[in-house]
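One chain, subunit A, appears in both complexes that follow, with subunit B as partner in the first and subunit C in the second.
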Partner chain A sequence: MKAFDSYNPIVLFVYFLTVTVISMFAFNPVMIAIALVSGFLSTLTLAREGCGRFFIYAAFIFIVTSAANPVFSHNGVTVLFVMNDNPVTLEAVLYGVAMGTLICAILMLMRIFTKIMTGDKMLYIMGSASPKLALLISMTFRFIPLFHRQAVKTERTQRALGRYTEENAIDTIRMKLKIFSMMTTWGLENGIVTADSMSARGYGTGRRTSFSVYRFRRTDAVLLAVLAVFAGTIAYLIATDAVKFSYYPKMSGIAHTPAAIVCYVLYGLMCMLPVMNELEEKIKWRYLESRILGSPIR
Partner chain B sequence: MEILRVEDLRFAYQISPDKQALDGVSFALERGDLLCVCGATGGGKSTLLKMLKRELTPLGKKSGRVLIGGKSPEEMSEHESAATVGYVMQRPEQQIVTDKVWHELAFGLENLAVPQKEIRRRVSEIAGYFGIESWFEMSTDELSGGQKQLLNLAAVMVMQPEILVLDEPTAQLDPIAASNFIATVVKLNRELALTVVIVEHRLEDIIPVSDKLLVLEDGKVVSFGDTRDCVGRLIGNERLLRSMPAAVRIYAATHDISKNTFPVKDTDEVKQGAPRTDTDMGKNSRLPLDVCEGRSYIENNFGNAIRSESVTDAEAPEGEYALEFKEVYLRYTKDGSDVLRGMDLRVRKGEIFCILGGNGAGKSTAVSAAAGLIRPYSGQIKVFGKKIKDYRGQELYRNCVAMLPQDVQTVFTEDSIDGRHPYDLSGGEQQLAALKIVLETEPRLLILDEPTKGIDVYAAEQMGKKLRELADSGVTVVIVTHDVEFAARLADRCALLFNGEITSCDRAKAFFSGNYFYTTAANRMTRGFYDGVVTSEDAVRLCRLNADKQTVR
Partner chain C sequence: MVVIKSSGLRAALKIIIPFIAIPALVLIGVYVFEDKMYAYISLVITILSIVLFISGFEQRKIGTRRMVLVVVLTVMSVVGRFFPLIKPVTAITVIAGIYLGGEAGFLVGAISAVISNFFWGQGPWTPFQMFAWGLIGLIAGLAAKPLKKSRAVLLTYGALAGMLFSFIMDIWTVLWYNNGFDVKLYLAAISTAVPMTVVYAASNVIFLFFLADPIGRKLDRIKTVYGI
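So, the complex of A and B:
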């Protein structure tokens, strides 16, 4: 089991949401670089499967975005060369590179998100918003495969009864419609059994609780608190222009006040959290393993 | 302590107010009793069970009283009523509400607004008790039929009911899963002193373990009491006896000669050398219920001077083959494993051929292949001497092959059969109605997949009769089944399908006499004592022959 994905889904969701939002607002080159590096490392540690093809795809997006900006945007004072009577400026090129990098970093983040947030976890999040919705979704996911299987069975039976010809398109359509109508009847009739089974177990007797296998542990609370402090500080620093960086008309210098450095460090820690978590777990296991191997029993 | 009391219960459904579905039913159960309710379909068994659960009580006119722990269901609060009586129905699939096993277990507790922490405790406890841990996180859709029904039971038990009501819970299960389910119910009953009320079609397994028996006929109680006494009172009632275990049927057909002609040789008596007379025997104390008791009854009451009947087997039918499998290999996916591995099979025209085998042996696959629904990747299948591949268009399904599938609900295209919706018919009626539809194409080869699943003994008999008529009129019948007793009664020849190939194939009598586990109760009862006994009628005839011989001597 991986360490990071065993956190409560809500905490994980909040983590991905905060990191994505902050990354999108911080257009500072240092922070973009941090986002790229941590995205790269996280991909390698958490979502290694098939990452080669993904990196090629990301590189393609990067090239397209960085190349597109200077073609369409002619802001900036440092003209590199003139193309079709349009000046291509250094500022526009760098803006494009920054944009491309940021998009790549966010793509990586999204990919890790989909790897970690499985269907179950997303359902749990939606369910915690509304228990009714949770049950509805759960029942739907139960019914779809059931319905599908019955439809396949019905089609096969009808085929073996010789009522299903493949030579004649009209016959085929007629039969498909017939099967659909049979399936509707089947769904309604068998739904009665399900309804009985539900009321027999007290459904509809009043307020329900919503149970889930995911627990909210102490470590989840700790992570959530850390996230809140980090994100709050970073957001405050961004809002107060401590890490302000402008590309146009001329690039400003990279902020390196103590406040800016605090912001970089906190952001870096936040982005690297999954990787650090993973490393910590690996080291812990290695240590435990060596203890087990070195035990007197062996 | 008395847990359940039913007093003069009468009920008529709203749709047929003139017919009393229950007509003055009275009985009482102590805590920890296991009650088996039996009787023919339409006798009021299911109606009675529904009266015990307020949420499921149908519309109609009701009189009399039901008291559960001294309270009538109407007096209970909604939560109390939902939790007090646990109810499991016939169809495992449709009772499951949610997509995950853990969620299904929690569902009932969620409805009662039990706090998260308590749910967690109870769910983990019940999963441990039922051995569900290994599939706890799985989707309910991935489970086998047996697992689904166990899950339904667990999902009800998690609410800690006082009474467990089971309406034909094993009807849709294969024999292994069915006996596993019954074993779990018995375990709950014995370990938790749980009161159980169960309705079953197949009584072979449940009668020996039940404490009490309630026999219903046309809504009236025919007999109620301790199982052995109650079964004893049924002797003479041919119709009800037919659904009883083989041991009971053999006893019923032979007790007159065993009791009157010979003193019973109990082991004690043999030692003392003093034959015991009939009067000081407890009247029904030696009524055998299971295979073990049945065997001891036969061995102690009848000699085996005549070990087998001198019946000449009818000659093996000669002639052409209706269905041939030659080295058939079949798999569903390219990388999957073979489901059929070199299956060889030859079915002659006009015979009834049964293919038996466990779950996953490839039975359903074999019949689907025979019906041309799936194609083998190697080997060939011939129908009436012509390769299936060579049948063009609908040729194979016109006046040639027809198949009755396991799920007969997939057959009904019309919403009305003789004025009734097919879903309103009983299991047995549905089977016969579906068979009628399947026969419309006047097939010469009829293939049936588990035709006796979920139907009672009487419907199975009717089905058997119908199939025999068809075979006599020249139709070849191939049946795939788990139902050993049905196959033993009906089949001309039987084959065992194991691991994708036919491992044995013989005339029915020889087939079942040769098997050790996969055989009828009557055969297991007489193995090594008599030869060639397959049905309880065979056993009865041999007992009588031996009895006659001893009298003459």
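So, the complex of A and C:
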């Protein structure tokens, strides 16, 4: 459990939505760099498990996406060299690198989103919008392990009966499909039983409500308000071209007016919010611990 | 949180979204943002069309049994996505569309996308996957008669659906990457995706070839036996 988990799912969803939308608007190199660094740091603090493989994958995506642009786009005035009668320009290369970095940053953000917004939280959000859809999704989640167990049982039974052959690849595929087909029969029959049981217990007689353990606390309101102020300011600054940056035909300079710096700082703070939250919690924990140790009652 | 609790609002959404919100968004995109926001506008429109569909689903009374059948088929397709390389999601979505109707097809496709992305990673691409798979199921439902009658048509549709999925996803890739649509980049994206597209199309054909009849028969049987 991370500190950021303790917020209300709706607030978390709004947070991720806002950061993603703003990051996708951020073509300014400084903002892209901020997005990448904060994505990297948040991955390390919030979603460390299996991040090595993920970084390799992200690097691959980065290489492909940044290489694609100069090959297909010939805008820009600074020609580096000519390939197949097509000029490869510095601007196109840098645009490719910027977009590749941005895509990697968004991938990192989304990985953290997937880690933090677990199934139950998404269900809570969807349940408030469409109870029926939420029911469908939650039943699907419930059926996955159930089906898995039943599939293992079916396969073992088939093996015990000597009806499961895997002498060659085609045999294996055929047997897998056979199990799949058996599972379908079982699943459909079982589903009907479930449906009848639901009806018998009164499903569909009243309006559907959904249960949730989440409450809207004061900290949620604070986070939402902070988010609104930050996002509003950043959106205003982007809309008024305070951090405008153009790659074509010639790259413009990086904006460093006070307004632009405010925008960078606010964006950085917004992106780093989960990391800061986690650190704050860690520091608090250490502080409390040391106070206990230092207290007269040992 | 109250989003669409009242049925009146939901009914209003059904009119507002297609006739006011989507055209307005397109116009805002053209005139206010001067055509720079293709990716966002297409994302928002995709989400709105899914909302539209869901609000229709929310309103209608469908039987509990029918609903559970949708769940079962969704589970089969999600579980199938764990097979290496070849995925039966499209095949099962098509089968659901043919035998349970277009709405069921849309739901199986869209929900499979959401659920399996809990394992494979959510992102701005989730709505597009929902939309692409949902559409494949919906079309299968609308064209149920010819698809049911002729195997050749079914397998062709399976192959086409694999391509359709890839093409829809690549539109989004290009829109986002290039901040606007570019035919050359789109063709490049499609051609780099050719191996994946071939795998999609081939696995659809294989799964439909092996599964369409047995699962179809089972669904028909269930429908007869339990009167759905």
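Everything below uses one rule, namely that the second predicted complex is superposed on the first by the 215 of 298 C-alpha atoms of A that agree within 3 Å, B and C clash if a C-alpha of one lies under 4 Å from a C-alpha of the other, contacts with A are read in each partner's own complex, and residues count from 1 in each chain.
Note that in this section a residue touches a chain if its C-beta (ideal position, glycine included) is under 8 Å from a C-beta of that chain, and two chains touch if they have at least 3 such contacts.
Keep in mind that what you see is a predicted model, and the values were worked out from it rather than measured.
In the superposition on chain A, A:Thr157 makes contact with subunit B only, while subunit C stays out of contact range.
In the superposition on chain A, A:Met198 makes contact with both subunit B and subunit C.
In the overlay built on the shared chain, the residue A:Met139 is in contact with subunit B and with subunit C.
Residue contacts after overlaying the shared chain place A:Glu189 against subunit B and subunit C alike. Within the superposed three-chain model, A:Phe211 lies in touch with subunit B and out of touch with subunit C [touch as defined at top]. Touch criterion met: A:Ala129 reaches subunit C, while subunit B stays clear of it. Of the two partner chains placed by superposition, only subunit C is touched by A:Ile10; subunit B is not. Overlaid on A, the two complexes show subunit B and subunit C touching the same residues of subunit A, namely 131, 135, 139, 141, 185, 189-191, 194, 196, 198-199, 203-204. In the complex of the two chains, the subunit C residues touching subunit A come out as 1-4, 39-40, 54-55, 57-58, 61, 63-65, 67-72, 74-76, 78-80, 83, 88, 107, 111, 114-115, 117-118, 121-124, 176-179, 182, 184-185, 188, 192, 210-211, 214-215, 218-219, 222, 226.
Of all the residues in subunit B, the ones that touch subunit A in their complex are 53, 55-56, 78-79, 81-83, 87, 89, 91, 93-100, 102-103, 106-116, 119-120, 123, 137, 139-141, 152, 155-156, 159, 368, 371-373, 393-394, 396-398, 401-403, 405, 407, 409-413, 415, 423, 437-438, 441.
Note for the complex: subunit A touches subunit B at residues 120, 131, 135, 138-139, 141-142, 145-146, 150, 153-154, 156-163, 165, 167, 178, 182, 185-186, 189-191, 193-194, 196-213, 215. Subunit A meets subunit C in the complex at residues 10, 20-21, 24, 27, 64-65, 68-69, 71-73, 99, 103, 106-107, 110-111, 113-114, 117, 119, 122, 125, 128-133, 135-137, 139-141, 143-144, 147-148, 151, 176-177, 180-181, 183-185, 187-192, 194-196, 198-199, 203-204.
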